[in-house]
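Two complexes follow with chain A in common, the first pairing it with chain B and the second with chain C.
Let's look at the complex of A and B:
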């Protein structure tokens, strides 16, 4: 990066330079400060638009703290948690997968496919159905993510572009299915599939949804923590992401490590699709995901790719999405308000990462130069 | 070593005096004086890392000198950026071309040209280019796409870029490295022609015959300093090669042979090994070599003559194009690095910070780099036993005297010498080598670290382990090796026993690929 040098009066100038590595605690502090900044800046925008920022935030606080909302927050957070933890596998490998949304859609499609086949009498019902739905959604998401991984390894195709493009493919495939072959025959012409039967849902009716989701998320986060820190695969994926030269030298089979990591990434996003289609909506329909896969990208970065902190940042996004509905109903704030906050968080997260590596210093001009 | 550059009559167009530039770990330019006169082709000779490119990058405004003075046409100047340099009439052609393949020649040449209008008159500009192209007897069409041009033609486009900006001081960094011999001859004709027009040309190179055939004056740099500046006709290849590799006229004392192990096992045989380099050019052009247990086989050569590609092919980092690599009776050409390590080939890579460690990881994680997947560092379930890794890391750090804050601190905090100690210690303490391939293990290190690494290599020899040792430091090669193989232009041009190697022979072999006697 070119060095920035802003001359001040006299021989002084402000200089942007790389700073030595921050400790974990200080780095977390920087993240939190920039997060607070996102809320401040969004507040300023609300104020400018004529809404009371304080009113909005207090309504936000009340909605988040109300016990009835807690369950809704867990519901909305779970797909983000799963997808964001999945993305952490990719990002550790320096594989910039922004295709969680498409992988999630493929998961929804595959799970719905299982339901449709069951409806058509081809697949058996009962407890096996959930197992099939879980396997199908994870497999579909995983296979969807393997396409860009293989393209990158084989021909060097940029994964940012391929994963993004495959999002649209998956979303349009879902659209086609719900408008065409999988349209609910008893649905009065609505573009949607038949509802998921209880036995195909991760949290069947009768069980407290939030408890099931909490358990699934926690299991996913803890397993990932174990994989990242204590397995050979976790170690090798870190090496591959940090230094491709050293990983070649170390005899790591880079391609296979990337394939495995990205596969897991897609599988978790696919599983998130099962949560969305099975429980959050109950069926497949157009626009089933309000961008869970995209929010997961920010959540993974904000959480620093650590599965535990990623879970909490995903929870924050769950809160924002939930409160968006509430704010719209209670104080007539347009839904886009929440998008402003999310966009601000995205920007400040990137700024925070930059700030962790650089600092501004007032220096005397001319001297040094090395 | 400040010698005054002798003047060929006129006053210099560029004067660089007392230029110093240091980078972490290296003093790239150490009080360098360098003058350029109008109408000359000036060859700037030196091995890789001698500081010649740094010096020219300073003149071109890419680096700022730590100290020193630059005058252009008699006036002191500060060159803060290439833009400043071009304003002063200084232009540089880099080793790698900075062209846009999809654009035409004329578009590339005038891209970012300061006097270009918002709506350029392409036809006029094309005419301007045609005139220059014909003047030099080139054959490129201004309308053709740059992506379709040959390397030699791309170089002409780079020169055109400088010429239309009015540059009359042209710096060319290793311009022939990507050219065929015919293209090179063509280039030299162009350079001579430019000099006749009164332009000044600096040719950065490490090829002696180029310097001899095309230049009016020659400056030799070695280890950041100017060691010789002369009119080309007053010097000869022997003098230049000696200056370049650092042999003084009196010669070197060759230490006595040291006895290796008695029984020598043939460890590694290379037969007809050919390896591609990064630029798609054959880097190793058929090498036959044997390495025995209990010997240090030194590979001498000016760097860039295929040494790195050779060791990368032996260690599996790079796939050989053809030929055989036989390790202890087993054909291993093209095997994965992992397999070769398991067979007992341990590799100390060049550029330790790039290849040998992961700077962002802790010291102990770096110790696990190559062995995390093997017992005893990993259990049956694929979990890494970090406790054992830390234990081993403590041993490595202790025995090889790696100066670290703690085993948890990041490897990026280590100095170059400590990185090298860590790599060496890790490889010897965690793998079980039969053959150690060490590429430039002492490059850029201080004396203490260099001595330690040499001692480690000698101890390996005593244990009956074979050592393949690549270095461009001729003193070091002479000091350590039982046998010396000299590489030149992708071939082993001579294998000398310890007693047979005279520094003059080595110098001649390294710089021209022929022994002294053979040439005269």
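Let's look at the complex of A and C:
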């Protein structure tokens, strides 16, 4: 058994040992305990910075968890669910795609492009329009993610940096379009595009939005579950992520597996863009995404890259995002406060993963070593 | 002609000023990465450095601000090391978490009402409303006498604040230490082959801890410079991914603090150019396309470096891999 000793004062040391795998229930319990710790720690920070933690959390309980907010939470969670499930494909491959935000923006841009072309009479309207918007957003997100994947495979460029840089590029591109060529001529000078017509929305007016979102999210999660567990690609992507050298040796075409996985990542993020531009906002405007793609990163990791648990952790982030707006309105808490809570969840998540695999023992140095 | 010269002079001067933000961060990150640890937290540490220098300048002046920002950076580095070196958690994830925390904390602390509270707590003698104005005095340029009168280069090289010179000197010193001393040899061997270094008696864990702490202190200082030396007006997300650009700059400079000087000048010039182009009215309506340049050029330089080295980027061999001592 591998051990790690951390020397403390004197002859005492903390010994880290691998522990046998926890049962599912205990593992979930550990996750929940560490989640609670994140809220406690952020509370301590707020207290330190002059905000009453109790006041914040009670406002949170009163307003955010009220029935009227549930629908809003679910709306805001949907793009996170799609993007986070998408990111699971990348992270399984050990491809550190930080670019869901940019891919989501490209999805918004492409879907809006379809709407603008339709307005200009170039693309037909009717039921075909939604199909075009879906295809365009997924394709744009997918292509945007293929750039860092190809650069990684071809020239070994670090994907963390390239995906991040492409995020800023996509956000600026959207900004340029809404201020420039795609600015709504009848929009009283506001930097925004024309609104999406009902035919271009995933959940057109009249249909219950939540039902459509639930159907899309569930379909995405279940399909991914099948892909991960019962397909050759799912198996290969896992092997590539664990050991790219061994997998190449075993005859897996590593490059093409990575390209496929990252492409799916980007397509799902692009689709999330259609949800945001089409339904959540109804048009493209600056700052359209409050960081759905970044929240998706943590949601994917918190959910352990399993599409079902990832969906639930995405709901948590949808709730936190909603709470940012609500807490600002009700107790004037700066929006960045929610970022602190999310960062704490991020940190306790990785600690929880560690805790599930190890246990600590305080031991006298030299005694009982291996 | 006269006008063109003046333009070049101003451009060079602001290229050096902007480049220092990248240089300070890149010098620190070169040291960290030479030990085999990648610190993706520098973006967040810079944000913490920036906001703390803002409030500390108001409370106690510039020196306290710079020292405080570096100390806070070092503290975050220690936290990073605990997670990534001792507990051997994934360095990418730890770094991203720290960046997120840094951006959240800085945004929260920089918000007017919180900034006021923090300033009043730091120094009750200073009126708290000063924090709500979001401004602090800028770091003074040093006066190097007649040298700054040299045409074209004088302003760029001899009319800067002390941190600019500190950045240049520390780049040279870091290079000397990394490549010309025993310490540097230990540092590099830990980054190349930690097992071998360990067996030859080098303390791998201590080396990585120190490398992370020093590198993060530099990142904190880079943030402090960004605010006090470059743009002494607080806005949320002041760093605007400059920490991440500094990370790619380290690759561009192939982990040499000396080459980082040239690389940061390039990105400094880009930032200065972008600003001046906008001043001249080009793309005044839609500056976004010009603003994309630093990000696109970052990607481009990564590709060029990879191609120039035929995919064999001279990264420290153990970069990103946690070290486990087999017993």
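Assume the second predicted complex is superposed on the first by the 330 of 370 C-alpha atoms of A that agree within 3 Å, B and C clash if a C-alpha of one lies under 4 Å from a C-alpha of the other, contacts with A are read in each partner's own complex, and residues count from 1 in each chain.
Heads up, the rule we're going with is that contacts are C-beta pairs under 8 Å (C-beta built on N, C-alpha and C of every residue); 3 or more make two chains touch, one makes a residue touch a chain.
Bear in mind the structure is a predicted one, so any value in this text is a computation, not a measurement.
Asker: Quick one: on chain A, after the overlay, do chain B and chain C clash, or do they fit? Just give me the call.
Answerer: clash
Asker: Which partner chains sit in contact with A:347 here, chain B, chain C, both or neither? Use first/second/both/neither.
Answerer: second
Asker: Between chain B and chain C, whom does A:242 touch in the aligned arrangement: first, second, both, or neither?
Answerer: In the superposed model, A:242 contacts chain B only, not chain C.
Asker: Kindly classify A:230 by the partners it touches after superposition: chain B alone (first), chain C alone (second), both, or neither?
Answerer: After superposing on A, A:230 lies in contact with chain B but is clear of chain C.
Asker: Spot which of chain B and chain C makes contact with more residues of chain A, would you?
Answerer: Result: the larger residue contact count on chain A belongs to C.
Asker: Quick check on the superposed pair: does A:300 touch chain B, chain C, both, or neither? Answer first, second, both or neither.
Answerer: The answer is neither, since A:300 touches no partner chain.
Asker: Given the touch rule stated above, what does A:96 touch, chain B (first), chain C (second), both, or neither?
Answerer: Second partner only, chain C.
Asker: Now for A:316: first (chain B), second (chain C), both, or neither, which partner does it touch?
Answerer: In the superposition, A:316 touches no partner, neither chain B nor chain C.
Asker: Would you sort A:151 into first (chain B), second (chain C), both or neither based on which partner it touches?
Answerer: Only chain C; A:151 stays clear of chain B.
Asker: Once the two structures are superposed, pull the chain A residues common to the chain B and chain C interfaces.
Answerer: Of chain A, residues 369-370 contact chain B in one complex and chain C in the other.
Asker: Contact residues on chain A for chain B in the complex?
Answerer: Counting only chain A, the residues touching chain B are 21, 230-233, 235-236, 238-239, 242-243, 245-246, 248-253, 369-370.
Asker: Report the residues of chain B in contact with chain A in the complex, numbered from low to high.
Answerer: 21-23, 64-66, 316-317, 336-339, 341, 347, 349, 354-361, 365, 368-370, 372-373, 378, 382-384, 386, 410, 412
Asker: What does chain C use to touch chain A in their complex?
Answerer: Residue positions touching the partner: 40, 83, 86-90, 92-94, 96-97, 100-101, 103-111, 113-114, 117-118, 121, 236, 241, 244-245, 247-248, 251, 285-286, 288-289, 291-292, 295-296, 298-299, 302-303, 306-307, 311, 313, 324-327.
Asker: Which bits of chain A are touching chain C when the two form their complex?
Answerer: It is residues 2-6, 16, 45, 49-51, 96, 98, 151, 155-158, 160-162, 164-166, 168-169, 172-173, 175-176, 179-180, 294, 297-298, 301, 332, 334-340, 342-344, 346-347, 350-351, 353-354, 369-370 of chain A that touch chain C.
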